[in-house]
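Two complexes come next, and they have one chain in common, chain A, joined by chain B in the first and chain C in the second.
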Partner chain A sequence: MAETTLATAPSASPAAVPQQGTWLAALTGRLVIIIPYAWLLILFLVPFLIVFKISLSQTAIAMPPYSPTFDLSAGITGLWESFREFSFDNYLWLTDDPLYVNAYVSSVVIAAISTFFALLIGFPIAYGMARAPATVRPLLLMLVILPFWTSFLIRVYAWIGILKPEGLLNQFLIWTGIIDQPLIILNTHTAIFIGIVYSYLPFMVLPLYSALEKMDYSLIEAAQDLGCPPISAFWKITFPLAMPGIVAGCLLVFIPATGEFVIPDLLGGSQTLMIGKTLWNEFFSNRDWPVSSAVAVILLLMLVVPMMFFQQAQAKAQEQGR
Partner chain B sequence: MRKAIGLATATTLASIFAFSAFAQDKVVNVYNWSDYIDDSILEDFTKETGIKVVYDVFDSNEILETKLLAGGTGYDVVVPTGAFLARQIQAGVFQKLDKAKLPNISNMWDVVATQTAKYDPENAYSVNYMWGTTGIGYNVKKIQDALGVDKIDSWKTVFDPESMKKLNECGVYMLDAPQEIIPTALAYLGLNPDSRDPADITKAEELLLSIRPYVRKFHSSEYINALANGDICLAVGWSGDVFQARDRAAEADQGVEIAYVIPTEGAEMWFDQLAIPADAKHVDEAHAFINYIMKPEVAAKASNYVFYANGNKASQALLDKEVLDDPAIYPDDATMAKLFITLPYDPKTQRLITRSWTKIVSGQ
Partner chain C sequence: MKSLGSIRRSFSPWTDPAAKPYIVFENVTKKFGDFTAVNNLSLAIYEREFFALLGASGCGKSTLLRMLAGFDEPTSGRILLDGQDLRGIPPYRRPVNMMFQSYALFPHMSVEQNIAFGLKQEGMPKADIDKRVADMLKLVKLEQFAKRKPHQLSGGQRQRVALARSVAKRPKVLLLDEPLGALDKKLREETQFELMDLQQNLGLTFVVVTHDQEEAMTMADRIAILDKGQVMQVATPAEVYEAPVSRFVANFVGNVNMLEGTVAERSEKTATITGASGAQIRVENAGDATAGSTVAFAIRPEKIKVSSRKPDGAANVMEGEIYDLAYLGDMTVYHVRLVDGQVVKASALNSSRITEDPLSWNDKAWISFAPDAGVVLTR
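For the complex of A and B:
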């Protein structure tokens, strides 16, 4: 991801074109940069600021259910009065109650475990795809993307039918004689892991595949010729070369999994505490838009700040690599 | 109320706007609970009045309330439940009904109207659509196997840890609705169900925590399918939902038999009310629709279809025997006397209740 953003910026400086051409090229170059920035500004920064503003308000029985709301007719002094009503109380409330901290921690733990299993399962799949004959690869790629043709919600719902006490999995296991009492999987953490790993596996496989596909397999042959055993060749050559894919895949799974709401709601039990569900509860059941906004702001900071550090580190590493 | 199939909140707002753009005058946008009306009522209404009905459904009061509070929903008639309605009136969500446009209001049942006036003083903003109770739905055969009884008649089955332990294997679901479960727990303890005293709420919390390990899931709609498929043996849920599960189980004919009971200690009574949002664009059509629903034959048809009692006295003569004579739908006077209602909580109590509830549900 970092590579693409870096690549777009310097593309607009062709030195060999005539004077007028450079001027035009510079202008189009600017315009090209403006589009992603405008996108970010309108679709990310503005909504974020609105959410942040609500997080500084207080709940009220009104439409919308918080105060103060900006009333432009009140003029500048009115706006100033509104500003003075803002407070960080909602953020203090979050630290006050272990519920929120527990929910954040448990979300991160669940997301991390799920990401680990997605990597464990996704890597062999991606490796197999990358080593398959070139003619078969498009078909395999298609198969990975195919589940997206059905609604995400329906696919998660289908797991209820598979995992429930009298579902397909238990019927099968009882039929084979492996167990004689149905396993309670639905409404447990296990069901959530299964749901997340299943749903996000394509996001792990695709970046891994693109990294592994580029790999030069004569490197492995060379290692073997020099007497390196296959396992050690994997760790010394394949793994480091797949690293960009691993990192991208893990981020693509970890970040959405942390804020996941649908999977814990449908497959998880009530004892599962995840921040997405807590946020939903605050917003819908408790009608506490300000507190739920504060929860969302913290969640965003938790995910974005490490990402920024990571991007910076990666950019630095790339600079040094050149 | 809440006749829901999972996340069936199919919100077709876009189509509503499309419709209202084309047929500017003769349309009414109705937002009601899922599976909560006989479709032929809507067709007959259009035939009689020439007003087209754009019908959309939700499956939880919370979803409805959030949309209403955000404003600009485009709906002309909505159906919130009592306590939610009361708070929404306070927030200024609704407009007063023009009683002159509702001649059929004379058909309404004073017993229900007296109760609903506790949420909506003088019934100025709403009229009753359906009402019901929050009781126990169970799988007759599985309960026989687990507890050795033919029928359940007390909340003890749910609130006594010993009994719940026996039900752990076959599965118990409970509504994820603190404003229903906490008052019920208070009623079982012999306390005032509508108590705001923190000490009382703590007692209810302790009781619920003692049975928490044996509740497989807190959810407000999944129990319909779970009961009907025989996945669980008991659910604390809304009367009509359990009847729906009963009917589905009977249709599937897999030997699952579901029963519903209002326990002897009493149960919470709730009311779903027809109301018109303040920013509704088709106010006259909305009144016409509400007036049509209050026709005795229409109200009877609706109840015969959804298996809920309605607040329409005149419709009772036209109800099916199996609806009117079912004490689980129209309770007898003795049971009626034991039913209770709860009023909306003030923000402070609300926070306390939510906090308690999160503790109970998450088992933290």
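For the complex of A and C:
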């Protein structure tokens, strides 16, 4: 695969006479790999460890609002004392209160349904783009990315104006005579689905497009030529060949949608339970940093662990395919 | 009876007025927007024929094949297969299969899955599919590659898989779009003969699209030469080569010398053509050229003899000098500049290792040819 060849760094053979050229090449090769690892280490792993540490602490009326805090001046014994104060109480608390479990489940369900609809809507869009004349494709790509030019927050606010009972959508539907009472969409799950599908659609369309664009259309013709009607050809040829794009698109939508808090907060109203919103409330309303940290750690594990299994399975399948 | 070329053919249904053509194009026109790809074209192909559509890119040959496969519908006219009008029949219901130029092998399926694809669509029982796939793998000598994916095969192996997949369903007609285009020269030559054997053994009708005239000449029973969406000539390879009907065909197939002139004298069979410089050419097969008309005398390089002395008793002799020559091993090609300035190509087979009559650059030379060595073209 291309990824593996890209990741292979030119390594200097230890037996070879060191020449300046190869040394330099080896060094730059390593450097290129060090940069993403350093990035992950500093901007992901270290913050995660800090969050994890806070999740093991207790709330305190202090600044920062938890204890223990590391105090390097207390020396090794002081540090050890701090370590002994750590406990998993916050995690136990999460399982105690059904609010958190419900919020997790509800988040996953809402994210899954939204991902499904994003796929349903994104696939025809990506397919149409991939089949469009090559001269039009850059323009279509631009149009998909165009919404990113305005603030995400403003775009979600705009949906309030569209979806509210006296909003644009209801006015239009009443004007055309399809309905005579305004539909209640705002502050329901439907509004959240609309918001998430709308906001994350580009993340679905782009990987799908790149997978479909690579596909040779003569494969579909060959399938039809061999007696396969168009719909069946879609499921037997187009769909399996688009699978990498489908997986990438679904992950790109599902993961951020699970932790989403702006959309449920603005469009979903007060009764919606999503873990991102719960996290926000714990952090900023309750100022309970340890519990919100525990919520964040569980959320991360929930998303990372299945993904790791999935990637392992895919790598295995790929190896067998070779 | 005198015959053109050296091959005596026993298979020639097109000469039999009672034979019914298998595939018929009837006044077929295909337009893409303003562009006319196929222009009021009519063509008849017979059962078990190896038929080649030959032409430069953009001549409409691929469009013809795609219309036969059902990927494009004619703008007007009809296409009949075994008496049945094909209009409106989708590709997946036509009894024809196509071998694609890009091979179009399904990348996510193994070789055997690729070959079995069409059979599964038919709903053939699994045991029969397995047997047919095994037969096909044997036919194209790929038994040990059954489990491989297309990207693990060489170009030649992929071509064989594509071929096996397209004949697995035993179609009435096999359409081949530039079947050998992606292969290197040596492999191409080998595969040409394999394709011919396959066609003979399976008794299928083959319609092959190619831009390579050598390929068409080698494999096909008959060739249709296309230009700008129209048929220029349909004939056996020997007829196309030895009796082209127009300047276009003569130029398109092989090397040719075109001696332009006007018909000075015309009797029942013979004619005399006066060239631009006044040189006279006596010809025997003047066709439909009338006295006074402007014609071209087309003669192949190998029909012209080059000698350093003026030959005795030849019907047509012209004087010139060696302008250029190329020694190709099996033959030598001479470019002779005639007195009137025209350069004529002549080739001589090097049948012995030592040439008795060596010619070199700027030597005085005479070219000579028989009255029936070329054809008179009015178009």
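Throughout what follows, the second predicted complex is superposed on the first by the 298 of 322 C-alpha atoms of A that agree within 3 Å, B and C clash if a C-alpha of one lies under 4 Å from a C-alpha of the other, contacts with A are read in each partner's own complex, and residues count from 1 in each chain.
One rule holds in what follows: a residue touches a chain if its C-beta (ideal position, glycine included) is under 8 Å from a C-beta of that chain, and two chains touch if they have at least 3 such contacts.
Remember, it's a predicted structure, so these values are computed and weren't measured experimentally.
**Q** Examine A:Tyr157 and indicate which partner it touches, taking first as chain B and second as chain C; both and neither are also allowed.
**A** First partner only.
**Q** Regarding the shared-chain residue A:Thr69, is it in contact with chain B (first), chain C (second), both, or neither?
**A** neither
**Q** Of the two partners chain B and chain C, indicate the one touching more residues belonging to chain A.
**A** It is B that touches the greater number of chain A residues.
**Q** Between chain B (first) and chain C (second), which, if any, makes contact with A:Pro240: first, second, both or neither?
**A** Only chain C is touched by A:Pro240; chain B is not.
**Q** Is A:Thr95 contacted by the first partner chain B, the second partner chain C, both or neither?
**A** neither
**Q** With the two structures laid over each other on chain A, which partner does A:Gln311 touch: chain B (first), chain C (second), both, or neither?
**A** In the superposition, A:Gln311 touches no partner, neither chain B nor chain C.
**Q** First (chain B), second (chain C), both or neither: which does A:Asp225 touch?
**A** Touch status of A:Asp225: second partner only.
**Q** Using the superposition on chain A described above, determine whether A:Arg287 touches chain B (first), chain C (second), both, or neither.
**A** The first partner, chain B, only.
**Q** Tell me the contact category for A:Asp216 with respect to chain B and chain C: first, second, both or neither.
**A** In the superposition, A:Asp216 touches chain C alone.
**Q** Shared contact residues on chain A, chain B side and chain C side combined as an intersection?
**A** Looking at chain A, the two contact sets are disjoint.
**Q** Would you mind writing out the residues of chain A in touch with chain B in their complex?
**A** By the definition above, chain A touches chain B via 59, 61-65, 97-99, 102, 153, 157, 164-166, 187, 269-273, 281, 283-287.
**Q** Could you list, by residue number, the parts of chain A that touch chain C in their complex?
**A** 216, 218-219, 221-230, 232, 237, 240-241, 321-322
**Q** Touching chain A in the complex: which residues of chain B?
**A** For this pair, the touching residues of chain B are 6-7, 60, 62-63, 65-66, 68-71, 87, 90-93, 171, 176, 178, 215-219, 229-231, 347, 350-351, 354-355, 358, 361-364.
**Q** Tell me, which parts of chain C touch chain A in their complex?
**A** The contact residues of chain C facing chain A are 69-71, 90-93, 96-98, 100, 102, 104-108, 117-118, 121-122, 149, 152, 165-166, 169.
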